[in-house]
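Below is one structure. I have some questions about it.
Just so it is clear, A, B, C and D label the chains in written order, and each chain counts residues from 1 on its own.
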Amino acid sequence: MTLEAILLNGLAVITTGLVVGAIFSLVAAGVTIMYGTIWLPNASNGQFFMLAALLTWSMVIGWGLSPFLGAAVVIAGAIPFSLLLEKCLIRPFYNVPNRNIVYFIMTLGLAQIFAGAFTGTYGQWTDNYSIPAAWPGALMIGPFPFPRTRFLVLLVSFSLLTGLFVFLRLHRVGRALRAVFQNREAAILRGVDVRRIYRFSFVLAMLVITTGGVLFAMAYGFDLTMSWTMAIIAFAIMIVGGPGSVLGSVVIGMIFGFTQAAVSLFASPTLATFSYLVVMLIILLVKPSGLFAR
Amino acid sequence: MTKLLETRGLNKSFGGVSALKDLSIHQDMGETLGMIGPNGSGKTTFINAVTGHLTLDGGEVSLEGKVIRGKRPHAIAQAGLERTYQAVRVYAQLPVAENLRVAALPHYRRLGYSNPLDGVDVLLAKLGLKPKKETVAGSLTLFEQRRLELAMRLISRPKLIMLDEPVGGLNPTEIREMIQLLKDLRTECGLFVIEHTMKVIMELADRVVVLVSGEMIANGAPVAILQDANVIRHYLGSIRVTSR
Amino acid sequence: MAHRRAAVVALTILALALPFLFAGNRFYAFILGITYLYILWSSGMNLLSGFTGLMPLMYAGLAGIGAYTTVNLVMKASVSFWLAMPVGALAAAVVGVVLGLPSLRLRGFYFTLSGLVIQTALTMLFVYVPQFTAGDTGISQIPPPSIPLPGRTFPLTGVWLEETLAVAAVLTVYLVRWITRSTLGTYLVAIREDDLLTEALGIDVVRNRVLAFFISSLIAGVGGAFYAHYMGFVSPRSFDVLTSLNTWLIVGFGGQGTILGPIVGTLILAPIPYLLQELYLYKDIIYGGLIVFTTIFLPRGVYGSFLFYRRTRAAARAAASPKPEVARS
Amino acid sequence: MLGYDSKRAGSRSFFLATIILALGAFALLLPSPGAPAEPLKGEPIKIGWIAELSGTWSFFGATGLTAAQIAEEEINAKGGILGRPVQVIPMDNRTDPAQAASAARMLDTQHKVLVLSGPTSSDTSLAIYGYAEQNKVPFVVPVAAFPRLTRPGTQWTFRVEPDAVGWGYAIVKFIEKMKPGASLALIYSDFALQRAIVAGIKYQAERSGIKIATDIIFPQNATDATVQAAQVKSRNPDFVMVSGGGAFDVTITNQLLDLGIKPEQIIHPFGAVKMILGWGPRSVGSYYGTFFDHSLGGLNDYAQGLITKFTERKGYVPAYIENFCYATVYLIKEAVEKAGAADRVKFRDAVRNINTKEITTGIPIIFDKNGARKEFMYFLQMKDVKKDIYQSKEAFYIEWDPEVIPVYQLAP
């Protein structure tokens, strides 16, 4: 290979790793917050991700809004939606023993409902969804043209992740949230209103997942198969990174992103997908609490 | 003569912090041994280690001369060494009779019974649980559950039962009854009792071992222990001698 | 309980007779066949999810292993179905035990999660070993089993195939019933309720868990083999996570940890996709709605709730009268 | 079952309300299945239409069914078949082969259909193929390209769409014509269909002196192709054959363009309408294979009728999938009339010996002994893409005999 070719491939790997990794990390962060605080393993996270992406698509293609406006609307809409969900389906189980299993099964049901609704509506309209570049053109990094939109997606997701970090570390509510991560009972003793924290973290997590979906829709074309793939990947990252650990989900998310990007240079991508599952299983067996568990 | 229970140089540490420092304790046949010590002094760890719920870092454990160290908990239980838990543990969803049936199943053949529930009624009568036979265990009072717990051990005719705070959470009257009950049991099988309530230890134990941060600092007759300056400094000073 | 025994016998006879009653209409006969398959599967899964308290989300994957092994033996090595099926079942059972080992380390939910992972891995495996599975295009024209009679072989087609499934289902239910009433059954329930205590009482938790996995996976494998040769077609999609969830939902909907629960669940849920053909756009929604509904309103399942209600009433009476009678499940 | 008492799960009625509301809301979103044609007198001639009506690829099922129903209505409006109405009975296969198999059984045993048809994907078709061959039910495959559907020994199945290995053959022929000795990069998802196409390409490439620059295969449900696009770029081939599964196809295409591959270098083996719209204006200039396109010249009245009626109903123009479904219904009509009765064996023989022209395109329909059709393929170049409409120009047309290359060895 010529030097230029090597440079081209190298930059491709880096940028792809970053973009894909960032989106994975976002969704996984949402899932992990949900599980860490509320003890809610959200099997329908993939569907929520999908919902966000599809709605963005509708806004842009259907209503002809600008991608940015569409994104904003969808993300804003996520708040009341998640509040409603919390009230109807999540809150009633806050005091149920081994509620994680209950939640798991219920969200699996939820996933079915959404899947059905999607195929019954969007599925009738088209088989592939893609929105025009929000910011057309590309930045030249050496020989490698990096599409502006995906650069934007990168910026947004990273600033979001950092924001999430700072919030959890420094802000009062964020600290309370982490207190609940670490030790529910202790948090209660210290007078944290756990139910409020639960509700808050659910909405927060939903927001993060929604944003992930929106960003994905901006960066890539997508179809209805994406939801289940995303659900599994997010779970995988959560398991490996350690439930409740945003740091874990970011680190592992990035690793996932980069492996997916790099592996095709050396091995078959199919092999990569398969290896995730194996790694995940080993981690589950060796350290069920995950690598970054507190 | 062979000891009922004998441990030689037990060692166990959790992440560098040693919970048991080469602990050598023995219990004679027919003897009731008590163990006291401040919280986190390793009493429960000791039971866990002896009954195989924990893997030891080092040391020997033998029951009636037979080595049981390294065996899995169920094997040790079948060898005749059973234990109870600090927090009462019964099958809350199942009726009393079913609880006992489960407890009897692995043992009744060895005891030469044809039916796991043989002799249950006698046992229940002795523990005053007869009328509760069909009640769901979860709906029993704590005291009843403690007795059921005991019954579930006795039904397998163990050589030794290790009781982890048998009167925890009981009121004075119940404690008195429980002590009486345990006294009567001493004829049937060996008892090893961990307690904070000195009253229990004083009345039951023939001999007391004092554990402080995994080390045996004293060992002798209850009365003697009460006077032991060392013990008072380390332990008794900190608690009221009467029952809670 | 004489009337109870009578009811059991009556049910059995009915189950065995139904295929002939439905013989007139191949369509309903087919749905009946599917129903028997799911009775078999859900009873098998119930042994784990209901009586042992482990939710094996890789169940369909195990069925797949049973199915593919059998199909390969029959179609490539032209082994008789009746020899191939046990081999397939055994393969499923062995794999099931191996994949069940995590349950010895992982408690409750983490095991469920690992099951999800394993199931996904198995489905991918089926897609990417086309030499055994023909990849995602699946294996078609799988012959129905046949009984070698002196002189000629008698192919089990039409009503006889459903009858075979009926027998298989009935035998499975009886097997599970027998197990749950045996010592093993008692141990499994004990382990489900409190594994630490159970171990302390001298019961080998590991051995019994492994045993449960073995039997349950064996049943999964048998079901898989029958499925393949009844449908005449298998593809990885036949054994994906949704199938696992279907089976689980049937068990949960009917009532875990009861013998009749899975049967009730199957009778209600299994025919739905076939009877609701016209509502194809709503099927998934109805289905998902059922799952949510079950988790919220019938945490014990249809039959389970009924038993629970009866038991609580009995308990109330027990509290009142000195000579109580207790409802048993 | 879940170890908690439902009473603790809060007010039941409230939940019931919310759930019902939720379901209701979704129900409102859902379009209702297409309306059946007004019936003529007499026992209808039933076509069992097993399609992807729900599940992942429900779009193809839905679009195909609409086209078939247009044909159904036209035929019934013009007096049906042998004076009897034709009835297309839609049956969902949930994009799941196992479901397709049982759907076939239902149509056979419950509805007693004359012929099975409808699937738009290879794996569901293969499931039905198994049932049809085993139970001697005629099966006319409108849109499924996997060669195994007409493997030697096939008795009851007939494929209207040319087989995927053949597409590979056609692609290479097309490249050969444009630039002899050109180099071709392959970048595609790991699905049976794509594997078959590539098998054909590789086989014919050797013989036509086309160099395979690189061969990149993605797992199903991959998300990003930048790296692979870069790999393609760094080999700078003359042409790139792109075929991703679902929307990933669009992603690959865009990312190839991002990296400076020219649209004129890109060849898509097949172009369904929404795919073409998905590739969008950026792809103008690139090529795609097809079997029918509204922008083809000299379309007859049937074709025009299909295009107008279909566009009215769906808001987008029909392409080859829709056309095959439409034409298949007419093919069945003609065969029944030849057979003179709605009898399965007679019908099967009639299809075997049929020698006719595709109702819309006039391209001959002749089946070989395995039920494979005399094959053909168009290659079109994209000229203009708007929101719901596009224009293309014919660049190449080729016809060939199914077994000009050993399709059944290449895609067993």
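Quick note on the criterion: a residue touches a chain if its C-beta (ideal position, glycine included) is under 8 Å from a C-beta of that chain, and two chains touch if they have at least 3 such contacts.
What you see is a predicted model; the values in this text were computed from it and never measured.
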{"item": "Dominant chain pairing [most C-beta pairs in contact]", "value": "A-D"}
{"item": "Centroid-based (C-alpha) most distant chain relative to chain C", "value": "B"}
{"item": "Core chain by centroid distance, with centroids computed from Cα atoms only", "value": "C"}
{"item": "Distance from chain D to chain A - Cα centre to Cα centre, in angstrom", "value": "33"}
{"item": "For chain A paired with chain B, centre-to-centre distance based on mean C-alpha positions, whole Å", "value": "51"}
{"item": "Inter-centroid spacing, chain D versus chain C (mean Cα positions, whole Å)", "value": "36"}
{"item": "Centroid distance [mean C-alpha coordinates] between chain C and chain B, Å", "value": "43"}
{"item": "Residues of chain C touching at least two other chains", "value": "252, 281-286, 289, 292, 295-296, 299"}
{"item": "Contacts with 2+ other chains: residues of chain B", "value": "none"}
{"item": "In chain A, residues with contacts to at least two other chains", "value": "89, 92, 98, 101-102, 105, 113, 116-117, 119-120, 270, 273"}
{"item": "Contacting chain pairs - touch in the sense defined above", "value": "A-C, A-D, B-C, C-D"}
{"item": "Residues of chain C defined as touching chain A within the complex", "value": "55, 102, 105-106, 108-110, 112-114, 116-118, 120-121, 124-125, 128, 245, 248, 252, 281-292, 294-296, 299"}
{"item": "List of chain C residues in touch with chain B within their complex", "value": "183, 186-187, 189-190, 193-194, 196-206, 315, 318, 322, 324, 326"}
{"item": "Contacting residues of chain D [partner chain C, same complex]", "value": "1-6, 9, 12, 15-16, 19, 22-23, 26-27, 30-33, 53-54, 91-92, 94, 96-99, 101-103, 105-106, 108-110, 122-123, 126-127, 129-131, 133-134, 146, 148, 191-192, 220"}
{"item": "Residue numbers on chain A that touch chain D, as the complex places them", "value": "1-2, 4-5, 8-9, 11-13, 15-16, 19-20, 61, 88-89, 91-93, 95-99, 101-102, 105, 113, 116-117, 119-121, 123-130, 132, 138, 144-145, 147, 220-226, 229, 260-262, 264-265, 268-270, 272-273"}
{"item": "In the complex with chain C, residue positions of chain B that touch it", "value": "51, 53, 72-75, 77-78, 82-83, 85, 89-95, 101-103, 105-107, 131, 134-136, 139, 152, 156"}
